[in-house]
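These notes open a run of structures that come right after.
Okay, so subunit A shows up in both of these, paired with subunit B first and subunit C after.
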Partner chain A sequence: MSDIGKVRLRLPSSIKAGDVVQVRCLIIHPMERIERDKAGKIIDKKYNYINKVVVTYLGKTISTFDTTQSVSENPYFAFTLKATDPGPVTVTFHDTLGGKYEGTAQITFG
Partner chain B sequence: MTRPIRWLGLILLTAGCTVAANAPDYSSMPRWNTRAIPPARGDIRTEADGRRVAVRYPGWSTKDYAKFRTYAYDDWRPEPSVSRAAMPSGVVGDAKKGRALFLDRQRGPCTGCHLVPGDDVWPAGSVGPDLSTIGDRKLTDAYLYQQLWDPRAVFPLTVMPPWGVQGVFTPEELVHLVAYLQSLHGPAASEKDADRNPFTRSRPVGFGDNLDPTNNPAVLRAESAAALWQARGPKGKACAECHPGGVENVMRGVATRYPRYVPAFNRVMAIEDFLSVHAPDTTGQALAVESAENVTFTMLIKMASNGMPVAVDTSSPQARAALARGRASFVRRVGERNHACSDCHTPDRGANKFLGGRLLGDATGGMTRHFPTWRTSQNDAWDLRRRFQWCMTPLGANMLAADAIEYAELELYLTQFDNGKPMSVPGIRH
Partner chain C sequence: MRDQGEAGAMTRREVLGTLGAMGVAGAAGTVSLTAAPAEAQTLGQNESVEAGLSRVFGGRPMKDGGSLIKLDVPLIAENGAVVPVAVEVNAPMTPQSYVKSIYVVADRNRIPIVTRVALSPEAGKAFMGANIRLGETGDVRAIVEQSDGTLWQIKREVKVTVGGCGG
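Presenting the complex of A and B:
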């Protein structure tokens, strides 16, 4: 896919203060799997996959996920958080080749 | 009371035909060599032992229904004639056997349309009347037997298949079914679960926003086709070279006009049909109908028109002729079940009722503008043609090739009900 690292972040359409909301995010990423040669030996190279996902809300890191190669291509993550104040939720994906991809959504009450 | 109403209906029907004055004309249909992938061609293979096997998609039934009428325009067989039959003597009806037959998923199942008592009846449908207490109506055995053998003898416009005439049940089995129906007496037991009863069952709520890629896997799939748009095919050309400016701009509004009559091929074509001839001519890519590439490409092109109203041509002479044939297909009775599309998908018949656990769609409300659609039950994106073919098999009719003219014109007939309504591709459905 051409747009590697494109992050999409979705929040419920209406949120009230104090709600526990589900945050859904999707990233375009190849999540390379281990390859083997004809003899079945693992090919030794630096595989490109997302190994860290960081969630920040109102400027503070609220959660960090360590992920592995077993996660699928173009992975989808969903988690919940308590919406205490209006402000940005940012999800940052880090991959093993140093790539850093970010998506942001605004929590607004109403 | 029913008689005058029936006569009124007949008069209106006759008047309608006179006003429409465009009886379907099949005289100048072109031949079309299918460009679909092998499982989508409706082929029948003869095995070494002489057995005939239908070639269909992996996991689909391979039963050959050659005996029964299809949608093919050159299939001139009439629908089976209405038949009266007397109950065979010398068979003693067994209600228990009858109940097993009533529930048998390899036959009807009768429960697909009718509610009967029992927690193992799941899920019952509501297309036909609730039979929970039919025994109380004191109908004669002969009457019930005739209803099962061929209900058209009593109700000419019924949606119920003539089970005996078509050989789905043997006369002996029908006697057991009659015995079962006569054993159903009230009062009906109260329901433990409101969802068992299709008349009180909650309606499905859908699968959320179909254009949200975190919700509908088909969106990502379609976006991936953007790379294909830029890629050079075997002839050294890419779509983007003749259609520059980005697929979302250059294809904006195009899909709202399909299916349409394409003079170059002298037939009605949907995007899928057109791609299967246009791509080989230009880039050299095959894009065979029902290939994953074709369906994905179709989604990409249709997405460029999302939000725009459907605007298929219904006024040119070719479109009017195609619509007349499409309408005729919609009401044509086909297959072992002798069903028409209109039996399940018009509001005066099955639409908005449950067939088993599935709520039947209403064709007159427009069912096409979200195709190709993600099917959660199939884990795949399907276009309307594969959906048509999927419908054929339980009806007991051999499917046609996915790019058959018959299907294209039926698709046009269905799509004109969507005219003026916004496109929203890819959809997401069960």
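Presenting the complex of A and C:
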């Protein structure tokens, strides 16, 4: 998977100051599920999945998702924030193998 | 019989104790490093939903959040690997009183606690959306914790045609 860690962020097309906007984001990630051997025993290994998603806007943490392997492959997340000032929204994904992936979108009014 | 059982428990305890000590030694006493993986593990464990809920919430009472929470899930999910879930809470988001966290729980999954979203008042609205996996037909719950510690719960059944958990 060469695309692993590709992040896409989508904002509404027009934002007015003070709006509560819904942001959607998507990341390409395998989110490995638990594997079992033929006897049904869980294979003990380090599974690679995203376990933390942090949303920051204007230097403040807006929301934090703690995720488990019950989240889909190539996960999609949506969240809201109150657009008070123009500035970047950053979504950071952390996976269990120490990978860190980031996506940024600019909030502009008009 | 009882003596034997107790003897068995003791040895097992000793073994676990030794393992634990080794683990601590291996981590070379770095508290911050060991804390993070432990945190992630406590959330996503292989367990029954009752065990998971009592572990996370410690048996605190939950009120019926039918009037407060809007849980948006499909009635029938054709593909259990990707099931869109959205939770919206009709509650104020002010620094004094806000929705602190939203939990999504899939009752029949082997890892029942799907995600926990911690929100800050700056979010403006208590809302989260995600795509989750569902192993089989069963209830999906949204549990909302407010800043004063009140818990609200809502359940919806989702019929799954093809399971998406594998594990």
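Operating definition for what follows: the second predicted complex is superposed on the first by the 109 of 110 C-alpha atoms of A that agree within 3 Å, B and C clash if a C-alpha of one lies under 4 Å from a C-alpha of the other, contacts with A are read in each partner's own complex, and residues count from 1 in each chain.
What we mean here is this: contacts are C-beta pairs under 8 Å (C-beta built on N, C-alpha and C of every residue); 3 or more make two chains touch, one makes a residue touch a chain.
Please read these numbers as outputs of a predicted model, since none were measured by experiment.
Asks: Using the superposition on chain A described above, determine whether A:Ser72 touches subunit B (first), subunit C (second), both, or neither.
Replies: Only subunit C is touched by A:Ser72; subunit B is not.
Asks: Taking the superposition as given, does A:Arg8 touch the first partner, subunit B, the second, subunit C, both, or neither?
Replies: first
Asks: Once chain A of both complexes is superposed, is A:Arg24 in touch with subunit B (first), subunit C (second), both, or neither?
Replies: After superposition on chain A, A:Arg24 lies in contact with both partners, subunit B and subunit C.
Asks: Specify the partner with more touching residues on subunit A, choosing between subunit B and subunit C.
Replies: C
Asks: Can you pull the subunit A residues that subunit B and subunit C both touch?
Replies: Common interface on subunit A, subunit B vs subunit C: 24, 76, 78.
Asks: For the complex, which residues does subunit C have touching subunit A?
Replies: 37, 39-40, 43-44, 46, 81-84, 86, 106, 109-120, 122-125, 127-133, 164-167
Asks: Please give the residue numbers of subunit B that touch subunit A in the complex, ascending.
Replies: 212-215, 220, 223-224, 226-227
Asks: Using the touch definition up top, name the residues of subunit A that touch subunit C in the complex.
Replies: 20, 22, 24, 33-36, 42, 51-52, 57, 60-73, 75-82, 96
Asks: How about subunit A: which of its residues touch subunit B in the complex?
Replies: Subunit A residues touching subunit B: 1-3, 8, 10, 24-26, 28, 74, 76, 78.
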